[in-house]
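Input: a single structure, listed below in structure tokens.
As written, the chains take the letters A, B and C, and residue 1 is the first residue of each chain.
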């Protein structure tokens, strides 16, 4: 088990390293010079050259990369080229907001997705299943900006039910922020809900058809006991991994949704930074997102290992 | 057997499935009774409806299945009148089930002890602690050593035989009136099967449960059942006690089935196996009269007009054949004696394949907590110094249980696996280990027929193309010639010529295997490796394939290397036999010699374990305990010593035995002197039939 | 056990049976119909559009739906219906070419990786892991933010992003097929690697690949639309659906149709493709292979 965790951890660190290379090289390919961008079109060539030297942009690219990576790991994420502020506190504040939103969303779509998936599986091919599958497939396919705007139209504008705009101050405490979180959270959830429920459905159907489920039925255990003790225990195992893999989706969803609602999260910051070509911020934000994504997968793998006796006990 | 109270009483049961093709009546008009303490064997080939019947009996059918008419009474309770909720109180308490594949029928993420205990808690109203004790008691009942530790384990930590014991323990926990066992030993090795069958027999005597024992294996029925019902295409054809059905049957189908099974005392040179032509009819395309008529050798016009019903002929002996009284006179239809074939001196025949000291090792990495720093991989010695010779036009059978290395050995010869060391000579010429290094002309000379007919044909290619391809590869052949050859090959394997355009999924398993055989012969090989080619097929299909193989061999003079776990099949097809255990050969010789004393103790155990479809057969009861050691930690000395029932002492544990020659061709590798073995061991014999 | 099983009737045709099964799933039929209609729209739409997508008539701005302007007009008085019709071509061509690119490259890599095995496989798959460790939208945004969102760039990015998913599916099928006995039989008679890869293995990869491709297509539309919304899609004046929605936000209270029609169109197409892909799965992989 420990060997398993160490192996996974090693893999993830290597992957992160490789991802950082991709991020760095993609952003460094920017047509146009970072120094030029900072100083604006009308800067003199000397000023640009000075700034380049100051920023270390005249060094070989590999040196720049390692310098950047090491600083990043040390927590020195640089200064924004646009706002001239330190990147780290800014990103961290926004990250907190995004995590808040993500948590609310996860608390909504994971339990609901599992529930719908299980119901669907039990009623395989019945009316309930076709309905759930159809609807969740439809939602899974709808881009967040479509569902988000429709929700705004429906709930916020028509009924004046919830705030349509979530552009709160970045450091609003959770309690106050909560009402602004609901619509964006629903928006993000709808996409991921379909994914979770479909995966749960298919793994549950597999288990329902297994010999050991039949055997449990034939033992005369009450149906709910067969379901909870024998079926779900096995069919929800893969869901752990599914949820973690879904975080990738969730992040995409957050980027779009935060823009739709003007919510001050990391996704909104990313869009803003890209529009302003703020390379330093883009790099930092990307690294933060990728790191979070990788580690959520690591945690899922560990959890899966703990829950699955085959891995826990070897064999 | 002592009492005669009826536990299960089924009358005129019909079961149907709603499918895309309309309603299919897969079980029709079945009437049966099972008494307390009686083991009722239900035999039939696939498609006979036996599993559907079993599931209908407990009203546990798939969603599209339903009981359309009839009655089922269990201990006086009308099962069809129960609600779902009431039914669940019957399941587990009054009727239980043991499923086919124990590794799939036990929940992988719950300790096995808990899975027995939940039975006791649900139905016996026991507390957690009481149930736990009950579970331990049951584990002891099924003779598992150290119940405490077994109870705490998960299924993946236990062997198939142990898991099957656990399923049996679970099923008996509530002391049910009625127990259904659905092919409970089919997934097990023959020596494990024998031990489990003994256990089942003893336990059931003790519990006096009424048992429905479903199987395709007539030998198993003969060994443990009291009564037997023969099912065909959804209906019972014959029913009676063991002696009646096996020794004095009244139905041509039963007679035919028995004739399909190869015998342990005869080979392809002595007899042809009986075959049953044609297919089981689909439930929506039944013939008008007797449903067996299209395949029955005794059918006459009257049979095709009216469907005979199951009638009692004599004391508990039922048949659905009009001409039952003549069946006994027709025994000749199954016994095709060919003993006039002359014996040939085998030593005269030149060698084709000479494989010497073949070894194959795999490296595996261990996982688990204790092995973080074990960077050195384990070595699995799958094949450890095996040598065999195959003579031209003859068959070498390699027999052994799963995991003994016989398939790896065959794959080394074929070149799919590169042997670690050893020499392979074909016609005296050394062959490279890997298929990649062999010349095209050598490749052609060795062909393989695989076990799984579903996987051996490309699902996207018409079967004619699969057979024609080896011919096309030769180059310079006209398409018309290829087509002609393909037709000939199809004819040779008894397939209709218009099958060439079909895709594999449009063929039955037996037909696919025929195509695979045709494809192998298309290359005109000298050596054909047959890796369990018939194991996944029904007995009647097996029989026709074995006949086909024997016939083709005679015609084309090809040699076979026949790999199988089925001793009777090996005996039937082989001229020579090698017995393999844990990667090594322990006995080798002519088929007849190997199957008569003196035997190697392992051969002896195998022969004693094999279920023979004859209730009067006398087999010594020699059982192997425990399971096969892993090929990573091979036991010292004689590697069979951990399980050998004839072990003579410390010498077996410390010193490797050497080969002793019984005759020029027959050798045994054991410490016990041959004279000793001869004295200890008895041949398999059949007692004369007692007159009922 | 297999086989003294009933003689199997030869099915009239596999497709016919598949369609018979399909009728039980109205959602699938709906999906095929929607995708068909949109496809025709992409080909003929711009020709039959009542107005040119860029025709501005400022007096006519923000008019609700009428006989003249089926879906109303936008803030510049442009006909929304015509803009949607015209925009459909971009959606289909960009998401479609992106998908084709991803499928072709993914197929090649998957075949190589699965068939060669060993170090090559290990290397390729780790590379795919790295790509997968960056959420697709994030990677698309930083790339397009850097190189600029031209049509070609978007196609390349979409193609590139979905290579890992496609190649994984292909690889897993190849790994499965490669060990089947019919492949060993082919080796046994001395077939070339080329024959084995393209004649024995490839045909078996195609059905799952078709299902995967249709799913990728729906994700591509999703991605392209989202990028458009974020301003990283096809640039104005081309009528990009996502962009139309984004711009429509400003006028939402005043003229909701400016936003709703393009949003509804995207929704319809995406859902249609998803249903179609699900139907393909049912038809081509009746065994029920889950993702």
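Here, a residue touches a chain if its C-beta (ideal position, glycine included) is under 8 Å from a C-beta of that chain, and two chains touch if they have at least 3 such contacts.
Just so we're clear, the structure is a prediction, and the values are computed from it rather than from any experiment.
Asker: When you draw the chains as points and link the ones that touch, which shape shows up: line, ring, star, complete, or other?
Answerer: If you draw each chain as a dot and join those that touch, every dot ends up joined to every other.
Asker: Give the identifier of the chain nearest to the protein's overall CA centre, each chain being represented by its own CA mean.
Answerer: B
Asker: How many angstrom lie between the centres of chain A and chain B, each centre taken as the mean Cα position?
Answerer: Between these chains, centre-to-centre, one finds 52 Å.
Asker: From the C-alpha centre of chain B to that of chain C, how far is it in Å?
Answerer: Roughly 48 Å, centre to centre.
Asker: Can you check how far apart chain A and chain C are, centre to centre, with Cα atoms defining each centre and the answer in Å?
Answerer: 22
Asker: Where on chain C is chain A touching in the complex?
Answerer: 25, 27, 126-127, 129-139, 141-143, 145-148, 218, 222, 225-226, 229-232, 242, 245-246, 249, 252-253, 256, 259-260, 263, 266-267, 270-271, 273-275, 278, 288, 290-291
Asker: Along chain B, where are the residues that touch chain C in the complex?
Answerer: On the chain B side, the touching residues are 20, 45-47, 186, 216, 233, 276, 278-283, 414, 416, 435, 440, 443-444, 446-448, 450-453, 455-461, 466, 469-470, 473, 502, 506-510, 516, 519-520, 523, 536-538, 540-541.
Asker: What residues on chain B touch chain A, complex-wise?
Answerer: 58, 60, 88-93, 96-97, 99-101, 104-110, 118-119, 122-123, 154, 156-157, 167, 170, 366-369, 371-372
Asker: Contact residues on chain A for chain B in the complex?
Answerer: Against chain B, chain A makes touches at 1-4, 6, 210-212, 214-223, 225, 229-230, 233-234, 237, 307-310, 313-315.
Asker: Which of the residues in chain A come into contact with chain C in the complex?
Answerer: Going through chain A, the ones touching chain C are 11, 14-16, 18-19, 22-23, 26-27, 29-31, 130, 133-134, 137-138, 140-146, 149-150, 152-153, 157, 198-199, 202-203, 205-206, 248-249, 251-252, 255-256, 259, 270-271, 274-275, 277, 282, 286, 289-290, 293-294.
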